[in-house]
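One chain, chain A, links the two complexes that follow: it is found with chain B in the first and with chain C in the second.
What follows is the complex of A and B.
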């Protein structure tokens, strides 16, 4: 058809699988990554560091050997799960910012299994179950608010992150602290710890939990009627309603699935990260901090596709692991601050295509919000004059 | 007509000089098309869907850059980087698909086109100005209601007002009459004539031959992106124009392709419909509210029997949309009842309504009918994705069976696409609609609710869809056909209801109606002469 053919409005193009350059998404991500590396290189060059050797250190530190690769994978594990949280909800048409809080809750819940004595295997399952349920439960209130009262999930989940943060801290310090070492919580009993996968590294079998969850989510979204409904409702809620899909149910479901992912992320840290197998309360929940927010960036780079997220998480894990090596490698030590700047440039470049794709969606939300605000203020004015 | 089109032979207002437009996907929309526009003249731009009419006018109004060629004013070539620049130059376009901001009111939308990004928006001033303009032009719209709550016809009026308020020298209207009542069309044409006498040039895009004859001074005919005719209206016969427009194309059957929707022959023989038994769809005193909370459907009652097409004609925005949405579970009703084979269908889920044997071909295929980024296969199961045939244990979708089903649909309904995994948005409008029709008919429904099923489609696809609906009727299915295309309803329906302001003006056989009478009914004039069909 010619360009004369009636074109859908921009609102309808929202969420379309178009890419910024019209290239294949994978290829586009590679280009974006290259641009990011280039920008990072220019920055380092400007400040007098040798970008070649710095990047060599980064890559060597990330993927240079079995130890390096293992530690990259270990760092990728929780990110896979929190990225899935964001992606599932996005596929259902919502911005779930709540992975962080849901992950705290999952982490805390998994610690509770220290109070049980169970055989190996069953103890793992119970731990994961606790974490998944806690994460999902933490998502239920924002989901209910969204479905029944139309409360923006962006705002409610951000607030719930703070509630979760301080509650988790309180629980860690006052309720489940280890009597012998009060700066941290009880540690996960040996029967519930994930065994180390590569000796001498912190990579444990928990990575399989993350990968399995990603595969399950992929299967659910693309190969079941339920996932089909979630995606349809996310892309075009009106058409979904026309197709007999109950949008509220799909939203709720996406929140629950996402919350489970975040909960498991918490458990993958507590149950799968040596040496402590516990949460350090000491003021900041150090091991868990920001895993939920980083997951959103991973989701962007992975283009909100479960399989893409696996690779994106490995990339992020590699950046984290390799970034540390950049600081002390050879004659070209790059200070931590510079490492962070370079990593930021790379992540930003890689997120741009997906961010732009999402922008119409964000814009539509903003417009709705402004319209609602306007209507209510107008009503108020009228009320005063009357 | 106060002045003739050629009165300013030497001087022209704007000239399109051998313009070629190739879209990024390789489609050649225009091939060296040239057009000269004088002041004091109304030019009709005639052509089928896809002939390049809209592309040409979009280039003139600064919305698209030409691939080759120039736009020339008497002072030299001009180049518009944006519609705003074209507006400042004095060229305004009313698009077929509106460029309005949904949550904004009419006044705010007009303000958008007036003010530069840094100026203060003076809404009260614009409102007074608009009210004066509405008085003058006879185009009335509520100014304080968000655009998205207005009916399509009203939105178009806002678009026309928006451009008129800018004092343009060249006004381009893209199919402006398709959503207006006959009375409103007359008012619009009166307005256009007055604007012309004041010196404005007007380009009217249309595929309705009658309009061309009644208002234009000159007709330019486009076919497949090429200019094939530029004639004085007074010297061109309708037949000649129609011939220019479609060429000498013949269809598969060897008939001359229908010239326009107005040329559809009335169905000579109507089958006798047995209305003695139980009706399939029975609606009694249905009352439903519109988006703004006003009563949109005001106590409508009718029956649709198996083996008949029940047509609802009328200008859009008179409650048809709300009626269809009420019957398909998409809108809550206020009162009344509606049953399908005796089972209530009001206030229940669309999913349950489909189970009763309802197929719904929606009015808006992009917003309702399809999930555009989804593939053909994914769209083909929308609404039937929970069927046992497509869903195995643990609600796993059986893509193998689905793809097989889609291939059958593609074959049976002649859907042109690369395969089941082609994105729906890559399909042309006609193929998208065929996909929807195919999907709905595959439900083997007892009743088909078809709302504007051929809107925006080219003649071939429209004819195919009408034929499909007639075939279903012949198979004994009940069909509710809602269409703003009067000729479509008159040609195919066994009974016609004319809807006006939420009520049925009359229900009768189309044989007892002529266009003029329908036109009056559509405009709200009651008529005693229209007899009940039974």
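What follows is the complex of A and C.
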């Protein structure tokens, strides 16, 4: 049908089609999520669990009531921020795997405010500032290495994750340990703790920090000139350079903003997650561990868009909160680790850009195969040799 | 530091070098053909776990074979996604790593003790008794493999085809090479070597599986590849250097007087990786089509 002879009905159909293509990314995320849950179900079945009851427990534990929903939102808070770290850099054309390390540094830096006495409010701001600066400082080094020495940010950020992990452990154990309880760091003072939002849960006002940061990033990337430059450099660096965009500047900006996000993620845990308001040092950084890596999965499912990330983080926060319920669910206790298996499968599915088209492709291939089979059997009936 | 100390340090270095060298050399084959697999870390972890199970079921040889098989299967999936399905290689790799972290931790819980599983020494690969102490025969494999691959890439027709698929897939396609198939074959070969490296860790070297067994070795192998500029012999040298620093970290931890905190020593291999990589880059050139799925116009 040509464009000139559009009748109202076909125009309607066009409009519907356009809306559907606009929702394409959402469909892809939903399909990837389904694939991930399916893979998890198959594994659970293989290990003798009942996947239906496990997922029932998980969903009930994630979204079953206001307590459960608050718990999911609390788990989502740091994930929003680490997902933004990955997304901003991906929008600028780089793979920043370093959210994990930058987040450790932010968490450690926020503990330092325990040494100051400041009024409520100001204390919060100083804590967030410390964390954001520490994350950005840790994130800027890979950017410098990339610009000056051409080191792939994938390698350098991974190495910085390990260096951050051991540094954070050292600092937590030897420099800022609680003298009374040496297995953990000093606690964030009461004047710098985020108040609890829903009584009886661990959801605090820190979620507003995460949402606000997401909105700021959305505004910067889509409504400012420098944000436009970042996205242009990410889409096509050569074209952007010919268009007068300084790629080095956008690269630094992306890493600094990303590092700030990861740093804030660390602070959102130390300053906003009851009951300890401290980091446990002994051997591992329990509360912070893997938040950066999980953030990458969130970013992927959120299609690297700040608003998409908010919803994806709620989904993953729900998986984590529900997983905790699932692992103690009566006679069918599926270990919490299953949640990460599901996450990995989701990310794998997300990496296939034409996931939706694979189904029609498979159908077409199947029909071809059946047709070929029919032809060969007919030939066989007529007594011809294949 | 006495002579026996130096010998034992060398012995640990050679053992630590094996998984790094095997994985790095396998990745060089894959990257030459144009596939960048960041999921090596996950492949090492999965194959270490599967290799331990295989060894307990049917002896050390089966363990190594199962490890190689798991490496091959995971790499095959990775390669299919990133050739025929035009996927994003980095994202696929991240997915493999997340999946492996979750699956191995889950599997270890199902085996009994959370986060830890001992491989009985009766099913471990036998070690040779030498003047330096007990040595794993797989060290020989790790020392020979880079030379074989170097010869393969530089001196054979298949090696040239591999290089063409990574440098200029359009031209190779016109010359009648099936780009996707050759990339898949290269990635699967790389996966087999990584799987051998992973199974070596659990069945022939450390004799245990933990959920953090790979400890960044997949990423260090990637750093070796970057350091070597896709030359298998330099990758072997890189693996030796990184293995040495890992051995040094272990050795310093055993010293009676703690002059250096263990955290700093553990950090050392990663800092060295960064320094070496930032020093080595500049003269290194990578295949033009690395990381880009091939689409016929």
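The working rule: the second predicted complex is superposed on the first by the 292 of 386 C-alpha atoms of A that agree within 3 Å, B and C clash if a C-alpha of one lies under 4 Å from a C-alpha of the other, contacts with A are read in each partner's own complex, and residues count from 1 in each chain.
As a convention for this text, contacts are C-beta pairs under 8 Å (C-beta built on N, C-alpha and C of every residue); 3 or more make two chains touch, one makes a residue touch a chain.
All of these numbers come straight from a predicted model, not from anything done at the bench.
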In the overlay, answer first, second, both or neither for which of chain B and chain C A:158 touches. second
Comparing chain C with chain B, which touches more residues belonging to chain A? C
For A:145 in the superposed arrangement: first (chain B), second (chain C), both or neither? second
Quick check on the superposed pair: does A:223 touch chain B, chain C, both, or neither? Answer first, second, both or neither. first
If you stack the two complexes on chain A, which partner ends up touching A:350: first (chain B), second (chain C), both, or neither? second
First (chain B), second (chain C), both or neither touched by A:275: neither
Which partner does A:200 contact after superposing on A: first (chain B), second (chain C), both, neither? neither
Touching residues (chain side chain A, partner chain C) in the complex: 43, 47, 95, 97, 145, 149-152, 154-156, 158-160, 162-163, 166-167, 169-170, 173-174, 290, 293-294, 296-297, 300, 335, 337-354, 358
Please give the residue numbers of chain B that touch chain A in the complex, ascending. 21, 23, 25, 27-29, 49-55, 96-97, 102-103, 146, 225, 328, 330, 349-351, 354, 360, 362, 366-374, 378, 381-383, 385-386, 390-391, 394-397, 399, 423, 425, 428-429, 456
Quick one: in the complex, what on chain A touches chain B? 1-9, 11-13, 15-17, 223-226, 228-229, 231-232, 235-236, 238-246, 367-368, 370-371, 374
Contact set on chain C toward chain A in their complex: 38, 42, 77, 81-82, 85-92, 94-103, 105-106, 109-110, 114, 216, 219, 222-223, 226, 261, 263-264, 266-267, 270-271, 273-274, 277-279, 281-282
